[in-house]
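In this document, chain identifiers A, B and C correspond to the written order of the chains, with residue numbering beginning at 1 in each.
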């Protein structure tokens, strides 16, 4: 099988300070990769560099488009970057308020990406939006309600619907459950696991929580100080962590 | 009467007569002479010159008289006249180092080389209305003349590398905002030009907001100086500069604390303001807003209105603002009619949906 | 004519700058071209953009018509016409058919325009996305990428909330299938007149320093949904003066009991019809 994303010795520096460096991996269609690390480990910098929101200062990210052509993500112009973000990628932010349009209804939030792609039939947009609300376990009767009236968990599920409605091939997720209560977290993780499977999505998710990786990801990368210290099958990492830092993380997961 | 449908031409003519009459006031009272305005309302003249972007005391006085003391209207008149003037060339940058200082104060050092020079300031007046006419006042000459050159307070800090260096030669050639449209992001020279033409009250409010926690920049009035500077041009065919006159300006160099960021170590930073004539409030406000607008360059998080250059620069011009706010007086009845029709349609629709009669069935159009 | 000013007020260099911007605007239909808008002796928001475009186009043989709200005799139209009569000494008219150049605020004349006529619009806000996105840097990017999903979000919200598209004037159009464009605050009733118009349509926004154009015979679509197509205002009444049933009507309140009369907004159109009937 052909990879979707090829990352080679990727790094991003903020002036003299290292955000992340020397990161290499391949991501395959249908695969969910978790990047685990504490805050300051460089995982969010890495995610933003992968998603072309930060320019790499070293190394490369290459992405295989729907038409099979490989794109150098680091040297995309603004037009191509936005086209990619609109047509092939999705990005789920930690705080749903950053990823939602708060001044328009839930339905418009879900339908926006479809309209950006040229859908011009109101009735069809409504039907698709209702279907997606249902899919993320929001009562479709709330289609005309404002996101501000939703709970934090509902807002995050709405953001997921808004992102996945166009069937992106690759989704980036930045701690999508970090700001939520534990019970709400579990429900969203469950939902994500189901949707990733149903839509055959490839995804890169950043989390500080190995338990999240255990639930969702076949493969996990552990980051510390801007570098990848350990990478492998999630089960393997949990059962037999090699790096002292990973061992520390694993022991903290097992005790909670 | 507000005539919008018919008879506009005649109504305008009558309105102009009334305006002329009101402007002149009681004909038994002598008309203000321009020299009176120039001499006795010099700060008003300075503001009109500054925001009108034209240094001409005579024309500014004329504009103030014609505008019956409405400063924004006077600024507008001067600007509209300025547009029609041919552009012979651009002056060299003013050398405020060589200013013939009449006032110079610093809030940062008790004493400075060259001394604190209060000059003509209202700062230490007691604000009591003076009911008597102003008799001519004899001024007292200083025992010694002021030094010919006064070193800059900020240069003293720069010598110690405590403040960011200022390299005037590295400044890009500024854009002429009266000839080119403002685009974003605007560089500092363009921003300063916009602020220099900006409304004093607007800048004052923004500057004040930065002192109240909306983009706190811990300012100190490093140096404020007012006096005369020479204006020089360098005609291409001559190849050397010639002095064409001198003007009064007020300059403010603000010193601001900076905690370091974007690769720059902690040090003092600068905010700059310059105003034609005696315009201290304007120059100081401008300096504070200039510093707030440098947030991107210095890696500061922008969260306050005064740090948002699109917001600040797009709304600073009082001729633009005044025109657009007041254009609401113009007839809008075509648009209003369209909105009325829409509202009536929605009301009818809602009534139909709820099975009730609409409150007013009047109005015959539907969208 | 006032000899102290150049013909049509602006100096020739400024007119050249404006004409360059106009040519660029015509070459890229619907695209907003920044230009070095001058400070005019009329206030911003009162037609300074239209006045500059008109000044750049006027020649001594032109016949100028100025309308505001469809009428030649509204105060601001009178003032602008007086201005050009004073600084250019050109002929003016109230007849649409006689004019070579028509400057307008908020209406397109009912009388069909011809290839040898130019319509100049006064534009308060050239950016159709401005109320949805305040930042110029962002709206310019959206135009560059033809990324207009945001506009449809607004239309979607209208229908979700009101059951219909709730924009009645300044109704956005897509010019030549490419640029989303503000037609200026004309009622949407006038939008169909923009499509394949034989006359050149020029738009000037003085305060915002933008010029744009719809060249003759250009495709102009009013944005809508397939199942909520664009429609225009219609009236149950006819014009009380000329009996027209196909023109845009103004509502006039005639007494304090709420009695209303409907008359043509286009005063020239109305009086032509009244005269023909007499």
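Note that a residue touches a chain if its C-beta (ideal position, glycine included) is under 8 Å from a C-beta of that chain, and two chains touch if they have at least 3 such contacts.
Remember, it's a predicted structure, so these values are computed and weren't measured experimentally.
The chain pair with the larger count of C-beta pairs in contact, out of A-C and B-C, is B-C.
Ranking all chains by how far their C-alpha centres lie from the centre of chain B, first place goes to A. Centroids of chain A and chain C (each the mean of its C-alpha atoms) stand 47 Å apart. The distance from the centre of chain B to the centre of chain C, with each centre set as the mean of the Cα atoms, comes to 33 Å. Put simply, chain C touches chain A in their complex at residues 141, 144-145, 147-150, 152-153, 156-157, 159-161, 224-228. Across the complex, chain B meets chain C through its residues 3-9, 11-12, 76, 79-80, 82-84, 86, 178-185, 310, 314, 319-320, 322-327, 330-335, 337-342, 345-346, 349, 362-367. Listed in rising order, the residues of chain C touching chain B in the complex are 5-6, 9, 11, 34-41, 43-46, 48, 68-71, 73-79, 82, 105-107, 124, 134-137, 162-164, 166, 168-170, 185-189, 207, 209-210, 231-237, 248-252, 258, 260, 262, 265. Across the interface of their complex, chain C is touched by residues 78-79, 82-83, 86, 101, 104-105, 107-108, 111-113, 115-117, 120-123, 125, 143-144 of chain A.
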